[in-house]
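This is the structure I want to talk about, given as structure tokens.
Chain lettering (A, B, C, D, E and F) follows the sequence in which the chains are written, and residue indices restart at 1 in each chain.
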Amino acid sequence: MTNSTHEFTDDARNRDILISVNGELFPRDKAVVSVFDSGFILGDGVWEGLRLHAGGITFLRAHIERLYEGARAIDMDIGIDPDDLVARIFACLEANAMTDGVHIRLMVTRGVKATPYQDPRATITPATIVIIPEYKTPKLEVIERGMRLITVHVRRGAPDVQDQKLNSHSKLNCITACIQATKAGADEALMLDPLGFVATCNSTHFFIVRRGEVWTSTGQYCIPGITRSAVIRVCRDNGIPVFERQFSLYDVYGAEEAFVTGSFAGLAAVREVDGRPLSHPLTRHPQWQGPGPMVKRLTALYQDLARREAARHL
Amino acid sequence: MTNSTHEFTDDARNRDILISVNGELFPRDKAVVSVFDSGFILGDGVWEGLRLHAGGITFLRAHIERLYEGARAIDMDIGIDPDDLVARIFACLEANAMTDGVHIRLMVTRGVKATPYQDPRATITPATIVIIPEYKTPKLEVIERGMRLITVHVRRGAPDVQDQKLNSHSKLNCITACIQATKAGADEALMLDPLGFVATCNSTHFFIVRRGEVWTSTGQYCIPGITRSAVIRVCRDNGIPVFERQFSLYDVYGAEEAFVTGSFAGLAAVREVDGRPLSHPLTRHPQWQGPGPMVKRLTALYQDLARREAARHL
Amino acid sequence: MTNSTHEFTDDARNRDILISVNGELFPRDKAVVSVFDSGFILGDGVWEGLRLHAGGITFLRAHIERLYEGARAIDMDIGIDPDDLVARIFACLEANAMTDGVHIRLMVTRGVKATPYQDPRATITPATIVIIPEYKTPKLEVIERGMRLITVHVRRGAPDVQDQKLNSHSKLNCITACIQATKAGADEALMLDPLGFVATCNSTHFFIVRRGEVWTSTGQYCIPGITRSAVIRVCRDNGIPVFERQFSLYDVYGAEEAFVTGSFAGLAAVREVDGRPLSHPLTRHPQWQGPGPMVKRLTALYQDLARREAARHL
Amino acid sequence: MTNSTHEFTDDARNRDILISVNGELFPRDKAVVSVFDSGFILGDGVWEGLRLHAGGITFLRAHIERLYEGARAIDMDIGIDPDDLVARIFACLEANAMTDGVHIRLMVTRGVKATPYQDPRATITPATIVIIPEYKTPKLEVIERGMRLITVHVRRGAPDVQDQKLNSHSKLNCITACIQATKAGADEALMLDPLGFVATCNSTHFFIVRRGEVWTSTGQYCIPGITRSAVIRVCRDNGIPVFERQFSLYDVYGAEEAFVTGSFAGLAAVREVDGRPLSHPLTRHPQWQGPGPMVKRLTALYQDLARREAARHL
Amino acid sequence: MTNSTHEFTDDARNRDILISVNGELFPRDKAVVSVFDSGFILGDGVWEGLRLHAGGITFLRAHIERLYEGARAIDMDIGIDPDDLVARIFACLEANAMTDGVHIRLMVTRGVKATPYQDPRATITPATIVIIPEYKTPKLEVIERGMRLITVHVRRGAPDVQDQKLNSHSKLNCITACIQATKAGADEALMLDPLGFVATCNSTHFFIVRRGEVWTSTGQYCIPGITRSAVIRVCRDNGIPVFERQFSLYDVYGAEEAFVTGSFAGLAAVREVDGRPLSHPLTRHPQWQGPGPMVKRLTALYQDLARREAARHL
Amino acid sequence: MTNSTHEFTDDARNRDILISVNGELFPRDKAVVSVFDSGFILGDGVWEGLRLHAGGITFLRAHIERLYEGARAIDMDIGIDPDDLVARIFACLEANAMTDGVHIRLMVTRGVKATPYQDPRATITPATIVIIPEYKTPKLEVIERGMRLITVHVRRGAPDVQDQKLNSHSKLNCITACIQATKAGADEALMLDPLGFVATCNSTHFFIVRRGEVWTSTGQYCIPGITRSAVIRVCRDNGIPVFERQFSLYDVYGAEEAFVTGSFAGLAAVREVDGRPLSHPLTRHPQWQGPGPMVKRLTALYQDLARREAARHL
């Protein structure tokens, strides 16, 4: 369907999963929310994408902390304690007998409204908590092929409008960026910040490799990515120079390598941006030969870290 | 619950309404959408608030045209023809035996996803169409009391991020503005545009009256309000000077009157902005004495127009 | 001292003027305010420059209304009624036996502080009202010579910082622009708005004449100039096309004529901007030959209006 | 009067203080400046708030250097040497027999004008130098209570308009922010920068504590605070991670602690911002229990440093 | 080669044209400029694209006036009088025996440098004047096919950087926009202004038709297009509502028709923008059926005007 | 002619130099490009200024890498390998028998067009490569005199318009800044970035020295200067604190020293900015006494590094 790393194998097992809605388990076609739900009417909620590995959830505490921090930013009470929330996730996984290769969507919205109106005081139930676990694995051939990005006119916006650090249910900004990339024949949209510098991709974080250094944006115009943060950490732990900094497309077009990160696929190499193949500027006639040496090294380091950081408790 | 004009009487009749979901009618507690719905997961949809008057819907064609235009902006196919959509609305109203005093929420989202992912190509059903009709009438005493606005730091954003002309399900920007106004003890938030000029309120449009002229913002940072447009039209039809223009809080603080507009309450007078009572600057010790002469005149003219413009067909 | 139109003749009569401070009259060297005054400590006040003509004050009501509107914008109570304030001005003029050729500085600050602190609640007296009337007449030779403007890097700012419509005692923005123009050898600074379009000059308003049309800025980044407004009015009354609009230096450099306006000097012709002499672009080797035909015509029309609009009462 | 830390005890001793105006000493009600003073007419000056401790002035050299640097930024000649200025301050303190618990307002304006006009060349005297020493001590109960901040729409502006690094007499920007906070029932206004990130408070500097780290803004949109700088220094000297960086309200709402700093009160804890109590996001039902551990530790470290850094000479 | 309207027939007659360089005529391969020319080294010049029709040049005076106005904006002396420049153009056309169907590139750069350095004072010759006349006619099939536009991330910039009203030799901004459109498979790039509103296309001006009205941008971020101006004029002369106004992509996606204009091809219809076919929003399943009724009407009106406005003298 | 450091001695040897155009050598007056060249018509190219020292080119690899990186940014194929390009440069130098004291302008444009049109696909030849070597040495007396800078209204722009990191042939932005500085009587223009902070000078990079630290801008709004980079490197290598950071004119006016850098003159001291002499703020009556101690030290360190880094091969 799509040619991005998010392309999923239609794993037959997903037809029969049980989904947790406010603590109760439902089969896929019975997992519903009210049409008065704040999430449906208003995009009023926060969410996490979690990865189950060998029975533990990778970077569990970081995900849960980000969820609660996001809830506070929108002045929403999640209603249950973090430990109880984690317990509820694992209860759902156990009911599905899942232990590995699973991607979990954890969503919390402000609850059901008395009537469709934006004021939080019109909410008449506690927060709605939905947990969807699915078997999903990134396709290897997509990763080998390399992603093609296009810079789109749709921007990441200012923090005084909708803070880009918030991982919310109000996703139209990213969706319209995604649409534009599709129209232009690319796999993913590269998005600029309000000043015209590189911010992030529509559903992943973006890194470049320049003269042996690893650069990503300042982080002011994207969610505080957990895979992003893990990549920075493995760089630091392994003596690879890494910088969160402002940079422009000039720096991207002249990079040796680039890659995107996300909870789902980890790292995925980028082969070209705006039709310009990535390679050192002194290289002539560059040809895509698969992920470069830095992407390969960081992928191995990241996977190792992710394995070590899978947990069942905060 | 809230002291804004959106405060609603808990009309007992609303407990037993029938809600249309994809053309089928459900009682209130059975009206649901999948947890995979694009609206719930991503705020990916557009909506209208319609007002039923004497069997017709006020400004029906303008509402339907705006809905289809919004769908096109986000490259979403509503899936049924405008005439069929109108028929579905009236079918729902008839099933409820409703003819007047009813507010209708018409919502269209991109449909159900194969998996929770933002790419529109991950959608596996046609658009989800939900119609919620409720008995709702603005409380007179709220209107008499006059609204208190506070200018908030939360801004309307740039069109290249999320076009403010789009009336979407991704409403977090307005919700955080609403929260800030509540924290500051006000009824509604006055929001500025990216340049610091007056844009609009969080759930209504904003007008001021200065030296006998009626001013509203340029319209570049708010949805193309249908009540707003009707007020402009009655001004023009009645020789009242009216301007869509850039203006700042300086102009607001020195205005004689101000009011907000919306499909629900029509016009509602504003008594103060940022703690400054509104009256001509040469008036000393101004006291709130109810809606001013221009608000009263425009209210009458608007109600007359709204009555004339209620329709059952495009 | 300065080569702008504000250059003043050291009129010997000004040595013995009486100045009104809070309603009492003092000779020049006894006219003082407390070091705790909000004006001195914080620039917390608003003011007007008025022109006495044949016993009346030109555009009196407009000036007084602007003063009270400015006070409301900063939530300051002037403390006395507009009529009483006007009476106080004329009492001061009469004590000085002044009837013509006089420029009056009318200043209102928030009053004396208990201690030097910015919170208005630290103020312990009513507003301070100072009225300084001086004999001042623009020098004819300066007007004949034509003004030289330079565009400076100091900008007029956004309304959410300090609204440029406010004529306040916090004037450092204009002062630093004035300093820059002086350093560059020009008479007055042309200032841009936050988007880089032409806003206004540091102490006057700016107009250009292009292909027979008169253009000035939108008015969003300057005080609502009363002479500016009068020039627009005489254009409209006499069939001269006039526009308040956004324009850039490209439009200025290609203008046939330009001029500045102010309460003190009325209109003053501009001979060059950024070292480019002003004349129709198809004119080669332009030479300054005094104010152009439009400036002359508007000056006559303005002076006629100003004479007619001098008043002693609101 | 006010509920901020700037609230002062009406110390009876302040009624009889001597104030230095241009080197001469005057009792409180005789300490005046001309109505032609650049400070009064135009807010054209720079100032410092100094703290007398055990006979020395805390961070004396930093304050004097900042004053002279500010004067240079506005191209103003203070007229006397730094050493002479310091001598004048201590002469004033000695005349008042003050040695401790004293707050000193040191103000320098461009001097008296020939006529009220903004051009510095219209100034006819040397700079006006005013020194006001007052007994003032922050109220302990206010500090224990914790401050309530609200983010306001009034912004810190761009450096090309009025450089926020300048501590000037043109304070309307901060005053209007202060007014807005008061209207919203808060103690102090939190102000954003032109990009929507956190800048500073209206009369204090702002810090947050996140995951054991201390963050304050980049410093580009506030005066180069001397207490702010001292806090950074004690962090560095004591191995506490401290960062001057760009951050948004998302980071504030999720902070464990926050505090403001100023020459007057040193550090003061913040209990809530925009109605959101501050505590670690994984804490549920947070209750204010007085200043947190980091604020307490930094307060002690700061006070120790301030004591050591009080001086009588540059 | 390209699929835009600028695609040209390789007219064999163009091989033998004579080109005017500083008044002398040269065959195509001998028409050269020094490597020290300001145009080559720095893009320091202004130009016009003129259309020869029946022996006259369409809108001749407007083109020449714009050229001289542009020269003034960059403080460049063209060196010869407008009448002499026109004579030189016609001398070149006569030497080529051209009377119709010819497109003329008229270029003026600042002249030859002593050494490659940007300061205009390093120029040692008068301006370089080059006139290239070529037989070129827009291909009908391209116009019938309709243009596909894509909105690109490359923006039109602020007037304080490089005024977009200037038609200069420094064209990299437009070239990079053109490259991005090509990479995305479109015919021409739609470019936004610094605020995110629609500015113009990379080499043409852009119009939309909405509810029977014709809209184009404010003109602040594009050259003052002569064909653009002619289209506005024919609208006004024929009672078609036309507006130069701020609008966003929302308005574009919901337009009935769109078209671009330029001196070369006049008007050319747009069939889709960002992959969204243009048609009234209430139209379902829109199909391209050639230029719409408004484009056809305006094309006829424009061609008629252009024919009437071809001249040989200013 | 000019009083900047770029002022050149009219070295008689330059009359007879050979210039390389596409690999062929021509005397000065025969070195030409087609009027259809992309450089001449559109400013479509990139260039380097190289310095020959003792037979090698200073920082050769950095220059060549920047050239190829710039070409990639504008999606232009230089057409020959880096090594071949270097060989071509040295062939030209050898033909001129040059070994030292030579400044080389290396220019690459997109090649000759079929017709004057901006689309890169209209180009019909490989890239045009021009190499101009000239004897040029900065005048000592200019360096001793100290440069006078003025901050101009012309800004460095956003990266989404024309990336300031690109050293292109589209130089009108810098040229108009240069013109403004000349009109104001200064040697070079100091340019701000879009936010109003200090960016760079029109043809050089800008540094200040504050309290013993060396500051330059973040580098986001200027070309990645090679001399700039060398200065940073010698600071780091010699324990001199150096920062690439955001700063404003406030910081400049209060700096002890300032200097500009470029490939031609290395370092040149600045004596004043905006008419304010540079010196420590506590210094009264500062007098220019030649380059300060930091400029002298860095000049020596830089020259030493430059000598060591001259090369003949990549």
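As a working rule, a contact is a pair of C-beta atoms (placed from the backbone, for glycine too) under 8 Å apart; a residue touches a chain by one contact, two chains touch by 3 or more.
No experiment lies behind these values; they were computed from the predicted model shown.
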Chain pair, D-F or B-D, that carries the greater number of C-beta contacts: D-F
Averaged-CA centre spacing for the pair subunit E and subunit D, given as whole angstrom: 56
Geometric centre distance via CA averages, subunit B-subunit A, whole Å: 33
Centroid spacing, where centroids are CA-atom means, of subunit A and subunit D in whole angstrom: 42
Shared-contact residues (touching 2 or more other chains) in subunit E: 75, 153, 155, 158, 160-161, 166, 179, 192, 194-196, 275
Arrangement of touching chains [line / ring / star / complete / other]: other
Pairs of chains found to touch, sorted by chain label: A-B, A-D, A-E, A-F, B-C, B-D, B-E, C-D, C-E, C-F, D-F, E-F
Subunit B-facing residues of subunit C, complex: 64-65, 68-73, 75, 81-82, 158-161, 163, 165-166, 194-195, 218, 220, 314
Parts of subunit A lying in touch with subunit F, wherever the complex brings them together: 192, 195-197, 246-251, 253-254, 275-276, 281-282, 284
Of subunit F, residues touching subunit E in the complex: 1-2, 4, 6, 8, 10, 14, 19, 21, 29, 31-37, 39-44, 47, 74-75, 105, 107, 109, 114-122, 130, 132, 134, 136, 153-158, 160-162, 166, 168-176, 178-179, 182, 194, 202-203
Contact footprint of subunit F on subunit C as seen in their complex: 150-153, 155, 179-180, 183-185, 192, 196, 274-275
